[in-house]
Amino acid sequence: MSKRIDVKDLNVYYSKFLAVEDVNISIEARSVTAFIGPSGCGKSTFLRTLNRMHEVIPGARVEGEVLLDGDNLYDSAVDPVTVRSQIGMVFQRPNPFPTMSIRDNVLAGVKLNNKRISKSDADALVEKSLRGANLWNEVKDRLGRPGSGLSGGQQQRLCIARAIAVSPEVILMDEPCSALDPISTLAIEDLINELKSEYTVVIVTHNMQQAARVSDKTAFFNIAGTGKPGKLIEYGETTNIFNMPTQKATEDYVSGRFG
Amino acid sequence: MSKRIDVKDLNVYYSKFLAVEDVNISIEARSVTAFIGPSGCGKSTFLRTLNRMHEVIPGARVEGEVLLDGDNLYDSAVDPVTVRSQIGMVFQRPNPFPTMSIRDNVLAGVKLNNKRISKSDADALVEKSLRGANLWNEVKDRLGRPGSGLSGGQQQRLCIARAIAVSPEVILMDEPCSALDPISTLAIEDLINELKSEYTVVIVTHNMQQAARVSDKTAFFNIAGTGKPGKLIEYGETTNIFNMPTQKATEDYVSGRFG
Amino acid sequence: VDAGADGGESTAPESTVSGTLTGAGSSAQNAAMTAWKTGFEELNPEATIQYSPDGSGAGREAFLAEGVQFAGSDAYLDDEEYEASKEICGPDGAINVPAYVSPIAVAFNVPGIEEINLDATTIASIFAGEIENWNDEAIASQNEGVELPDLPITVVHRADDSGTTENFVEYLAAAAPDVWTYEVSGDWPAEIVAENAQGTNGVVSTTSSTEGAITYTDASAVGDLGQALVKVGEEYVPLSAEAASRAVEVAEPVEGRNDVDMSLDLQRDTTESGAYPIVLVSYHIYCSAYEDQETVDLVKAFASYAVSEEGQSTAEGSAGNAPISETLREQAQEAIDSIQVAS
Amino acid sequence: MSTNALKRAGGAGQSGDKIFSGASLAAGCLILAALFSVAVFLIIEALPVFGADPSEITGGEGFFTYIFPIVIGTIIAAAIALLIATPLGIGVALFISHYAPRRFAQGFGYVIDLLAAIPSVVYGAWGYAVLAPQLAIAYDWLARNAGWIPIFEGPASQTGRTMLTAGIVLAVMVLPIITSLSREIFLQTPSLHEEAALAMGATRWEMITMAVLPFARPGIISAAMLGLGRALGETMAVALVLSGGGLTASLIQSGNQTIAAEIALNFPEAYGLRLAELIAAGLVLFVITLAVNVIARWIISRHKEFSGAN
Amino acid sequence: MANATLTPRRSQLTKGKLPSYAMWVVLAASVVLGAALAAVVGFSIVPWALFSALIFIVAGTVVTAVAEGGRKAKNRLALFLIYGAFLVALLPLLSVIWTVLERGVPGLTYNFLFTSMNGVTGAVDNQTVAEGTPVLGGAYHAIVGTLQITLWATLISVPIGLLTAVYLVEYSTGGHLARAITFFVDVMTGIPSIVAGLFAAALFGQIFGPGTRTGFVAAVALSVLMIPVVVRSTEEMLKIVPNELREAAYALGVRKWRTITRVVIPTAISGIASGVTLAIARVIGETAPILVTAGFASSINWNVFGDWMSTLPTFIYYQILTPTSPTAIDPSTQRAWAAALVLIIMVMLLNLAARLIARLFAPKTSR
């Protein structure tokens, strides 16, 4: 099921502003890859290019190639919808659908695509996804209530549940645990570990312990200065990045362990 | 300048749902207080009642008293505007004004009270606030650009800069570092330490190391189960909460140190 | 020569016709047309008449564009239009039949006064804005014994382009050429600034609600307003159906049309005793020939009904217009009888 | 390259996308074609005017002399309508979205929407029979006390059926358009931004100027443009209310005329060149509408970056 | 201690705040003063209300400015003006509604609603007036025509308008086509309604021969008027749907068209419904374009594709401008106002229906 991703010479622009420059990276299938780096260095921007979500932002564009199991996402004949249905995403800012109940939010990927699903299957899927995101207990009594009435952390978990409900082959998560307490964080990390056996997972995190705990490989991004593009500085086995980074910048960054 | 807050028998409802029950707490002036607790236990909800921001949510209401230096915020004659201009707030979800430039975002609150602030004073204030939030270097060249074109972490810091620019007497921060990398987090923690000498600071955080590092006192909130109200379980010196909590629940929570 | 011909002889045609006859044009005829339509459809249950009171100009245009089978118009086809009508009606062109005659009243709202005498020059001076008060010498001199108040005159005219205006100013231009030097058209002269309102109803209600106001209006709508007696020759003639018919009878036929055409040039400056010269003659315009027999029958039956004694009195009962005179009716019937199938 | 698995994977749902985007493109083209043909129709029908001898045009001095006063009249009427209706409409919309007690707000919105339910003939009849006589008294007072201001120069119309009255009637007709659209947009202001303002200690009004109005700006301008369109194009109400005439500066005397009313009043009896004149007048109205809209779009686009679309 | 209870400490939070009754005092004073001023110019209710309101707004603001400072004063002034705007907007509404009710209710009989004007001539009205019997003839044919023509106009313009707005907001990238559409839509917002009628008449005249007048021609004319309103209002409402929501759907692999129909449009539905209702309300009350396209029927016709039709506005227009009986216009006037009332009720019901539909789909947010 899961697929590998190879990125070749990727540049990302916001109109004229080069936000991310010259990224080359190979993400293994059935593995967890963590992106770390200072705020504003282009992690989210780069992550979005992996499933063509940057296209939604006016003016944003890429140069280069992203290969999913060898197939270029940016080939002119490729439909971004195909890409996105294989590569799911959880955003940095939780964005549940305000028009839908909690249940419908979880089922959004299924229902919005008009896939037929029996009530019992749907119920099972909702429960499974919400349990996976450690939200089931908190919302099981109010599945019919709007998703916008949840706390920040609950919304974030709802969005995770929504993303895994469609079982994409690759899951991109942009700081999925930023608003979560340690218990939920642990649950999500468990989920990631579970997902890994079948899917390819990429997460952005500011929490270095988390990166160390869950990821197989880590990519460190950095930015040379204001107005400069973000760059991939180092990419390798997580243990190597944290214990014997080859680059000075990486070492500086990971050694100031705060998270 | 700074003021103390005493909360007496506070209940918070969303329509009929009792979200937070029976909170009694005294927050010292010139101190940093941290709220910790699992997601959905009512930290944000309670925090909002400290400057009457819950009133913005339809159906939300409180019972009980919140005294600011002895004056009840919920006295019928009190104008919430007065309350809020003394008690500033940084929200869990960064919310810069998309219609304003970065500079205007920082100055938004200041201009309310001081229409005719001189250009040089304004410039100085913008720089000081953005430096405080560790954002100056990243945005100094694009102060005139819209605030919505910033990265998640940058937006969060912009909101912090905006809140401190008006120098309120109490600052409430709802997970101010959730989207920040370790470097920015450190900077914000430094800022909080600085602020403490003049202001009263309350922060909500999921990061227990952070709570331990920055706060003088810590309040642990918990929720007994789904549909139950959140409660203040234990409140005391931060060192005590982390090292010798009196409640079993607190101990369980803080001992599972993940953050 | 055909069945329709007998239709004219008796007031109620014995043979019934069928089909839909469509017309458009003069809004002044609308009330009368409703009456004709209703009366005719009662006699001929198989037939339908539809008439859209879009305005005379619009009606003539639609007629010439073959959009409708007949037009109602406050003016006969002019030479150019007559030529154009040959395209659609064959070499004899169209026929104008005067079917609706209605006097135009000079109506005013001066409390306590129901009638005053005015000559053409005075009327023209008032409407031109030169006489500004009811107690003006020019009015007083013609109305001995009438208590004229010191009240400013407010002239109210039609805002829309209308046949009523055109006939009224035509009278002013003909009978008081020294005072009324403006162009004659359905539009009120732009040079004269005065109050105005849309439609007959509009001017009447504005006049009714404004003391000192004076206007010209289709006589049927005059209501409670005071009415002027107009000087013709040496006498002041009150408005009446007979006086209006009389004015139409003395009108001169227009030259250069086919021989049955009844286009009339009214003599506005007539001195004929008992004639009331401010009168609007509205025509029915038919083709001299139609494509098929069915249409011809229908047109003839309806046209005959409209000018018949019964038709005219039905219209009078509904619209308050003046029935056309016996002589005119005979001429009209003759014209209608000449309508035939195109060869 | 042809082995790219992503290319063929799409298949199934893609046709839906194609149909929908095709349909919306087709709708766009259809509208374009329709509106374009309206414009072409007008230009063709109006052409005779531009070839005609000036003396044949109404007024006898050419089309420009004929149309100029009516253009000015149209602009005056629309300007009065917008000057009154825009602030009032925004005020009412704010009342419904941010001031009225939540329980009644919907109902109030419904009540104001009723204004849109009233047909223009009725507005005309009302303006003529009810409003004008009331205003006549006020005009009289204005003429006596503020007559030195050119727009209030006396003698005031006795019937009250003046440009100002027509402008007020138009304002009432335009009001629901501006209110209804602005209200919907105000209601959509992200609460995040409202909260941001309030948390800074902004008063309700400050919150509105900080978060709501900037967010709604493009929408308000569009609403005003729709209102303007209505004000410019309204025929029946003006035709019934206004006692028109030549150009005057005074708004409280009879006089002035609007293009739409001029067309409505003269159309039934118009044919040939006169009809071409009236249609050419309609064309002029297009030019006015266009000019104002271009300015409005320009204002919106200047602030595009700050529209907060994200 | 006793001292403390005697003079309880004044809350810092209410310092310098006007007591809640302050504005009532100012109001009372303004009303009195307003009466005095009104007496100077000749007392009557209108100047009294006007002066009182003005004085109240000024005094209320000034008092607040002095006691609570400029910001609060501005806030209060805004409050006054915004409440004032609402009240001012109610005035014409109440006046129009009152006028229509007062004049329309007497004519609103069963007979009026369920008969046409077929066979009603001036003579009938004359007799009615002379004998004081109930007015005969009704607006059934016009009600039918209004419903039919408006329905068809809506069927034509709403889908096309919505889709075009969707194209402009969701699909176009600001190219020539989008700009051309925007250009024409802008220009057409100011089209005088009669011109739209002339266009439709000419168009159908070209195709089906001169003088083609049916309800459908009128519907096309109305569509020309409706489309710009639908497009522009929908466009605005779609533009303010947060991109976040689109992103959320796209990231789930949802196709664009489903995102639009299931996420974007439902989020904007209440605004779109308002825009559509406005557009319908506008054209349902149009007179001029109907006059030149639908003909003028006085009997019932259900078929929009054949024969002439009447609508309520044209019915009203003709009843007012060319009364059935010029000598006795009262029955016509009564019919006109009753028809106006019917028309208003129809639009009201429509508005209500639109709101209900919108609510079915509307976001279940807390607002």
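A few remarks follow.
Note that the chains are named A, B, C, D and E in the order they appear, and that numbering of residues resets to 1 at the start of each chain.
Note that in this section a residue touches a chain if its C-beta (ideal position, glycine included) is under 8 Å from a C-beta of that chain, and two chains touch if they have at least 3 such contacts.
Here the structure is a predicted model, which is why all the values come from computation and not from measurement.
The interface holding more C-beta pairs in contact, when C-E is weighed against C-D, is C-E.
With every chain reduced to the mean of its CA atoms, the largest distance from chain B is reached by C.
If you average the Cα atoms of chain B and of chain E, the two centres end up 45 Å apart. A straight line joining the Cα centres of chain B and chain C is 85 Å long. Each chain gets a centre from the mean of its Cα atoms; for chain D and chain E, those two points are 13 Å apart.
Between chain B and chain D the centroid-to-centroid distance comes to 46 Å (mean Cα coordinates, whole Å).
Each of residues 71-72, 75, 243-244, 255-256, 258, 320, 366-367 in chain E touches at least two other chains.
Counting partner chains per residue, chain A has residues 57, 81-82, 86, 93, 113, 149 touching two or more of them. Of all residues in chain D, those touching 2 or more other chains are 13-14, 17, 129, 190-191, 203, 206, 215, 264, 267, 307, 309-310, listed in ascending order. Taken pair by pair, the chains that touch are A-B, A-D, A-E, B-D, B-E, C-D, C-E, D-E. By the touch criterion given at the top, residues 51, 53, 56-57, 80-82, 84-86, 88-91, 93, 95-101, 108-109, 111-114, 146, 148-149, 159, 162-163, 166, 168 of chain A touch chain E in their complex. Interface of chain D with chain B (complex): residues 102, 190-203, 206, 210-211, 214-215, 217, 303, 305-310. Against chain A, in their complex, chain B makes its touches with residues 14, 36-40, 44-45, 92-94, 137-141, 149-154, 157, 174-175, 178-186, 206-209, 225-227, 253, 256-259.
Contacts from chain A toward chain D in the complex involve residues 57-58, 68-73, 75, 77-79, 81-83, 86, 113. For chain E in complex with chain D, the touching residues are 41, 71-72, 74-75, 78-79, 81-86, 88-90, 92-93, 95-97, 99-100, 159-164, 166-168, 170-172, 177-178, 180-196, 198-199, 202-203, 224, 227-229, 231-233, 235-237, 239-240, 242-244, 255-258, 260-261, 268, 270-271, 274-275, 277-278, 281-282, 284-288, 312-313, 316-317, 320, 336, 340, 343-344, 347-348, 351-352, 355, 367.
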